[in-house]
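You will see chain A twice below: alongside chain B first, and alongside chain C after that.
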Partner chain A sequence: MSQASKGEKHEAAKDRSMVLQKQMIAEHYERLERAPETGEPVVYTFVPGNLTELIRAFGALPVLPEINALQSGMRGRSRDFISEAERLGHSEDVCTYVKCDIGMLKSGNIGPTGTRLPKPDLLLLSYTGCYTFMKWFELLREEYDCPTVFLQVPYQGDGKLSAEHRDYIAQQLRGQVIPALEKVTGKKYDDTIEAELKRRLALAAKAEDDLVAVLQSAKKKPSPIDAYFGGVYYIGPIFSAFRGTEEGVAYYEALRQEVEARAAAGKGPITPDGPLDKQDYRLVVEGPPNWTHFRQFWSMFSDWNAVVVASTYTKVGGVYDFGFRHDPDDPLGTMADYCGGCYTNLNMPSRIDMLVDYIEQYSADGFLINSVKSCNSFSAGQLLMLREVEKRTGIPGAFIESDLVDPRYFSAANIKNRLESYLQMVDARRAERAGGGGGGGGSQGAEARP
Partner chain B sequence: MTEQTGQTEQAQQAQQARERIVGWARERYEDLSFGHARRWCEEFQAKAIGHLPVYAPREIIDAAGMLPVGILGGGDQLEIIRGDAFYQSYICHLPRSVIELGQSGRLDFLSGVLFPSTCDVIRNLSGMWQVLHPEVYVRYVDLPQSDDRAIAQRFWEGELRVLMRDLGRVAGLAGPVSDDALRASIARYNDVRRVINELYNLRREMPWTVPTEELYLLLRAGEVVPPELFIEKTRAYLEAARATPDRVRDRVRVVVTGAFCEQPPLGLLKTIERAGCYIVDDDLLVGNRLLVGEVETEGDPVAALARAFVERARETSVIYEGDVDGKRTLLKRRAEAAGADGVVFAAPSFCDPALLDRPMLKAGAEAHGIPCIAFKYAENSAQFQQFREQAGTFADAIKLWGGQ
Partner chain C sequence: MSESVRCSVGIDLGSTTTKAVILDSEGHIIGRGITNSRSNYDLAAAVAREEARISARFGLLRKEVERSAGRDVLDQLLKAFRLSQTLAQLARLHALIDDEIDRAVASALRRPAHDAVTLIVSRIEDEEQAWFDAPDERAGDRSDFFRDAAGSAYMRFAEEIGDPIGASFDLLAGLYDKCIIRVENEPLELGFRDHIGSALERIGSPAAVRDGIERAVSVTIDEVCTVGTGYGRARLPFPKEQIRSEILCHGLGAHAMFPATRTVLDIGGQDTKAIQVDAQGIVTSFQMNDRCAAGCGRYLGYIADEMNIGVHELGPLAEKSSRRIKINSTCTVFAGAELRERLSLGERREDILAGLHRAIILRAMSLLARSGGVEEQFTFTGGVARNPAAVRALRQLVRENYGERTLNISPDSIYTGALGAALFAHRDVTARAAAAPAEPGQQAGEAEVQR
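Up next, the complex of A and B:
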């Protein structure tokens, strides 16, 4: 049992940055609710390939349906929304984010924080790394009387974004996306808007620097962060409405200071059950988390003093830790690079390379794939990834299954058993490498298991 | 010999010709080792390039002097031994049987495989193929989705040029596939599309003359034989079919939709028809007729092929629908064109494109008073009783009460 969860039941412990983020999100939803009165145009778009700086430069507000869906999942509301969508004829086989969103819409469109979501003035369909996005907005278009603009981001099938593909994205931005935003906001893309876009891209780059410093702090032992369960909080602002904003920059400055202070003090991250300073397992995780049982899922790791040191899910809205930053000197080109480089737009060999790199760079003891039923973009091919990463690193991997926001697909006992068996196997491997005898002996010496 | 005897003999000969052609097609459909394609490659010292559904520009493969081979899974004839180890239970069946075909060496005669942008599963399969078969040319073919035609056409021309360069290299040509070779191939594939249209027209006009089982077997054969041979066989079939119509049965006319990628077992198609439906339109193997009308054979062939796709591609779930009324009216238009009484949504389990589209298409059809039923299948479904009951009840309901 971890030092965090021993003794009495804890209230969920929170970092200061988490509190700050909660305020930012609440204010954003309130602003969205007031949008019909304030006249601020509302643009619905997706996390991967989002063009927040451009939307904001035009004075519009972004709404991200995946965020609404995952928040609904965390707040225990997704089951009813999904049931409502299935009752309306949506297949049980398809993405539960989509069904959660449609169910929420059909149930009055009250967002996760309890405020009413405004109707979109524009559906900005960024087709980056996920086929379902295309259908999602075709479906939403049936519900709203508003224009849709489509941005096709070619897949990096050859492992890189070719110059032609980059140019294709930039052409669409110039020829389709910008004119659509001009029409909806009544503003011309002139020097003033472009200057504002550049300013926001510079703000984005600053926040990206801080985010990368935070994520890479996990190379330290003990890691001052959990790069998966904690990581999803860290990416929240930059993957949603706050990239390219002053609030976003302030959040990442505060977060970085907080993490650096923890690192300097040799402390671990705050988990829902308290601080995790003693870390017996360093893991890399591939795939999105389950949102409906998020805290329980996290506790399964922290109970075993397991910390996640790197994850691929935290790259789904942008891969920054291999050098990319938004470049204010090339606004359209840099947005094209960003869209093309989001994690699920990378081909399978690139995704395998990334996992191998993380395992090596972050001195991981193991890696785990959480395969979610809803997301073929992530999940199709993960069993091959498991095999290839094992082959290349010599480190065994674990495979568990759940879903994004459908609680019917979260089997706690099953996941817990698999995780515990896996960690015991990691112990056994360590013992073998250490020359035999006994289990235990984690990174810092594991105690007897619960 | 009397005139009547002569006619009987002619009909018998036509019937025999028809059976021979269907038998020829069935042999190729059932041949999961691609023996005929392999022999063709040996005989002509040529290579073969595979492609997944839904649409791949087969003209470029053909113009490179190689054989285009549609990879459509293993159907209900292939035992999956290795393929299941690569996929979770909630992924459709097609990729497991494709992996099975690959891992068992049945596709080792292919020098390359194209993975068109159909869905995320096929997209990710392209990368899996790169890992599992590093010796083979692999390309993910990103179809143009932008609804700005000029931008989309420029993009697609660029993609086609890349394929011409790469496939020229794979074929061992001195350079890229030439424009002249591509023009000649476009002309051949115009003929392919023409005979397929004839086949569909005849079935639509006299569905008792062209059972869907036979039409489908011919189309499947067309996926693995050179275009000239497909054209020859299909023309001969059309002639024989016109000479040997079956008796007209009391069946309703239906459009089958949703089956454009993972293919239904043949038994399912037969079941739908035997349960009291004539299939008068479908999207089975729709890639072979995705381009509507003739592709120009004069001028720049790459521009012509790109223009045909961007301006005249058949509407399908795998291409973005820019027109807000497109989904709402699609099945009404298809049903009217085919003179259909109803729509059968037959989609593979876990098929994102078909199943995400279904609520929109179904609402559109029902808003126009077109009755619908829906069921899911897998390529290896073996029990058809449930489908028979559903389709039979559907047909009876239409006969009794007509549309809504």
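Up next, the complex of A and C:
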């Protein structure tokens, strides 16, 4: 069929911001590689609940193992890393981010851009709803025999972070996380460091403003962005090492300008197959993408002129579009609020509310859940969420299954079939609502048997 | 000037079988065809379409002459037609096997191999003739495929006569396996014109039928729009608008067969789909198996191969079970191992099969639950819906989980997807006709529609 080969040959079209981001990431990995010589301390931490401003204020560099794993997945290296981890005894069902990371470590610890990753001076575990993260750092602690600090962020089971929860987090920041950082960096948390932290929190808030403007531009028709496939690039810097940095601020300024220019011109996002100005379906997506077949997955959408206008995955490292911003005037309190509010730490009713809100605010035609095989933290309850969102919006949802970085779990034919079926279902319902009858004929009982 | 029938066609390129349905301009079914997909979707689509056209011509013929010639004569003519098709394929198989023997079999074994194959083929011919002569047998009462019909007879006779003649069963079975694929992959002349003459002679050329045939042959079947669906749909040389997902087609097809349908279960060769539809047959929700084809039709295919029986014999054998064995795994890859282990433990084949059928349906029940449950009425489609043991297990599990539900199974359920596709094609034609006002002297929509 004509669309089967579309876009497979030519190079991916890229936004200017994507080029900029690629450069930033490469430079960060290079800096990490040099860290053993430059003496910059290295702190491993996870995306949800990352305390980048604090780490940076102490002059340390963050390493984010999930980012390494997903980058390895996008660059076609995760299969070998996962096999390596399985040889070491990790079962097929273990989170594939973990296996990809462990496999990379055991294969020489060469990061996705080809530079060597430094050993951690500190493992900073900010627990925000993913239990596997704990086990992951336990494995790394065994491996590196380095200090570990554990920030316990209470799960928002009641849908909100209470004052006690907030105090509890701030107290741990003061009593455990900061002392741990003091120890590995040899610096005291004095007025100078606190001033630096505040400065960085202000930079974070600035970038957050620009990011939100970018994400909310998708309310326009046509949407100038794809808020899932494009969205994961847009969140790249702010979810990894660049929140609270000058580079981060510059990136989001540039990105916002780029997107606003597209919006003003009435243009759609750039996809791997070219510009998507004609948009037939506006979708909301829940769940992480598949990284190993990212372009192919995206093409399945863009082939059908389907654009994603909002996604929950782009909130795993922080939810900013409901008003939260880092507040330089209350450093510890704002970090507590930030950690508690990450998408991974939200209960199911909150996630449902968010999806319903997106469907309504972004005038979506449909929503889709990509249920990830090896991430129970994300997948548990997703079907119930689907039913509830269907009930509240009257819009049917789609359910597809893949994985984060294990290519064995990506069945292109199956996913394409489900996605196409869903989009055709949306069409059929539109035709039905438009009074076309849709059914195409009543009883066909009469037949001519030979 | 000859008459022309304006038709919409649906083609369902399944992983195992390819089906075609032809509708007339009123949306009524006038022809259906089915063939093995044989990993060659282009050929399969062509053969299924040709078979559907043949059945449409028989339909026309029936309309023409049923009153004058009588129903029995037409049934007999159809049987004669099928016999003629089968004998042609059998002759081709025989020729290919002869070539293969001369090419690949050790010289000392050639003579006995040729003799054995000649004898086997003549036994099959006798059996086919006997089927034709038996008054109780109808053309539609047996497997549609040459591979199934001829294959199991070939193996039976090979076992019986191979060794006495000096050609081992393994040798004969190997020759068959090698050549049957080629028979299936050659576009044999199986069309109406090619076989209707010899079929007519076989039933004594009654005059009433002869004239009708002339007219049935002369009618132009004008396929104004085709919609493709199924696993191989991407292979069809159609624009995107003429391709529909099989999920939508099964929903619409099931609705057309049973208009009160709200839930559809389709178990095909590669996948299982649980579908909810609204009162118009439009899909509102669906779930399908993930990347693994465990518990689908292909699984039963492996089991049948393991047991050396036809896939259509599995269900009836399972029905003889008196004590169902509990089986948890429906992994296709491990199907053989699971079966052999059970057999080695001394379990009876029918009891194992009963357990396997239930395991398959249990998987389907999970998809049904996830898609929104089983609503009234419930329609079961796909090749597995022909399997009585699967149907029994489904009926029981639905009752236990959802209470009494009307379970619809059409004897033609295998055509559900193709019917849905044909209905989409029909609807497209109708919509275009409504959108474009008819030019004088031209039927509405004719200018734009394409094959």
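Methods note: the second predicted complex is superposed on the first by the 427 of 450 C-alpha atoms of A that agree within 3 Å, B and C clash if a C-alpha of one lies under 4 Å from a C-alpha of the other, contacts with A are read in each partner's own complex, and residues count from 1 in each chain.
Everything below uses one rule, namely that contacts are C-beta pairs under 8 Å (C-beta built on N, C-alpha and C of every residue); 3 or more make two chains touch, one makes a residue touch a chain.
This one's a predicted model, so the numbers in the text were calculated from it and none came from an experiment.
Asker: Does chain B (first) or chain C (second) touch A:Val98, or do both, or does neither?
Answerer: Touch partner of A:Val98: chain B, not chain C.
Asker: Just chain B (first), just chain C (second), both, or neither: which does A:Gln279 touch?
Answerer: After superposing on A, A:Gln279 lies clear of both chain B and chain C.
Asker: Where does A:Glu420 make contact in the superposed view: on chain B (first), on chain C (second), on both, or on neither?
Answerer: A:Glu420: touches chain C, not chain B.
Asker: Is A:Glu401 touching anything from chain B or chain C once the two structures are fitted on A? First, second, both or neither.
Answerer: So A:Glu401 meets both chain B and chain C here.
Asker: Tell me which touches more residues of chain A here: chain C or chain B.
Answerer: Residues of chain A touched, chain B against chain C: more for B.
Asker: Contact-wise, after the overlay, does A:Leu383 reach chain B, chain C, both or neither (first, second, both, neither)?
Answerer: both
Asker: Should A:Phe150 be classified as contacting the first partner (chain B), the second (chain C), both, or neither?
Answerer: Once the two structures are laid over each other on A, A:Phe150 reaches chain B alone.
Asker: Going by the contact definition given at the top, which residues of chain A touch chain B in one complex and chain C in the other?
Answerer: On chain A, the residues that contact chain B in one structure and chain C in the other are 383, 401.
Asker: State the interface residues of chain C toward chain A in the complex, per the touch definition above.
Answerer: 23, 27-31, 54-56, 58-59, 62-63, 78, 139-140, 231, 233-236, 238-240, 243-248, 252, 255-257, 259, 271, 278, 280-291, 370, 372, 412, 419, 423-424, 426-427, 430-431
Asker: Touching residues of chain A toward chain C in the complex: what are they?
Answerer: That would be residues 1-4, 383, 387, 390, 396-397, 399, 401, 409-411, 413-414, 417-418, 420-421, 424-425, 428-429, 432, 436-450 of chain A.
Asker: Could you pull out which chain A residues touch chain B in their complex?
Answerer: Going through chain A, the ones touching chain B are 88-91, 93-95, 98, 125, 127, 130-132, 134-136, 138-139, 141-142, 148, 150, 152, 154-155, 157-158, 164-165, 168, 171-172, 175-176, 347-352, 371, 373, 376-377, 379-384, 388, 401.
Asker: In the complex formed with chain A, which residues of chain B make contact?
Answerer: For chain B paired with chain A, touching residues are 85-88, 90-91, 95, 115, 117, 119-121, 123-128, 130-132, 139-140, 142, 144-148, 151, 154-155, 158, 317, 320-322, 324, 327-328, 349-353, 355-360, 362-363, 376.
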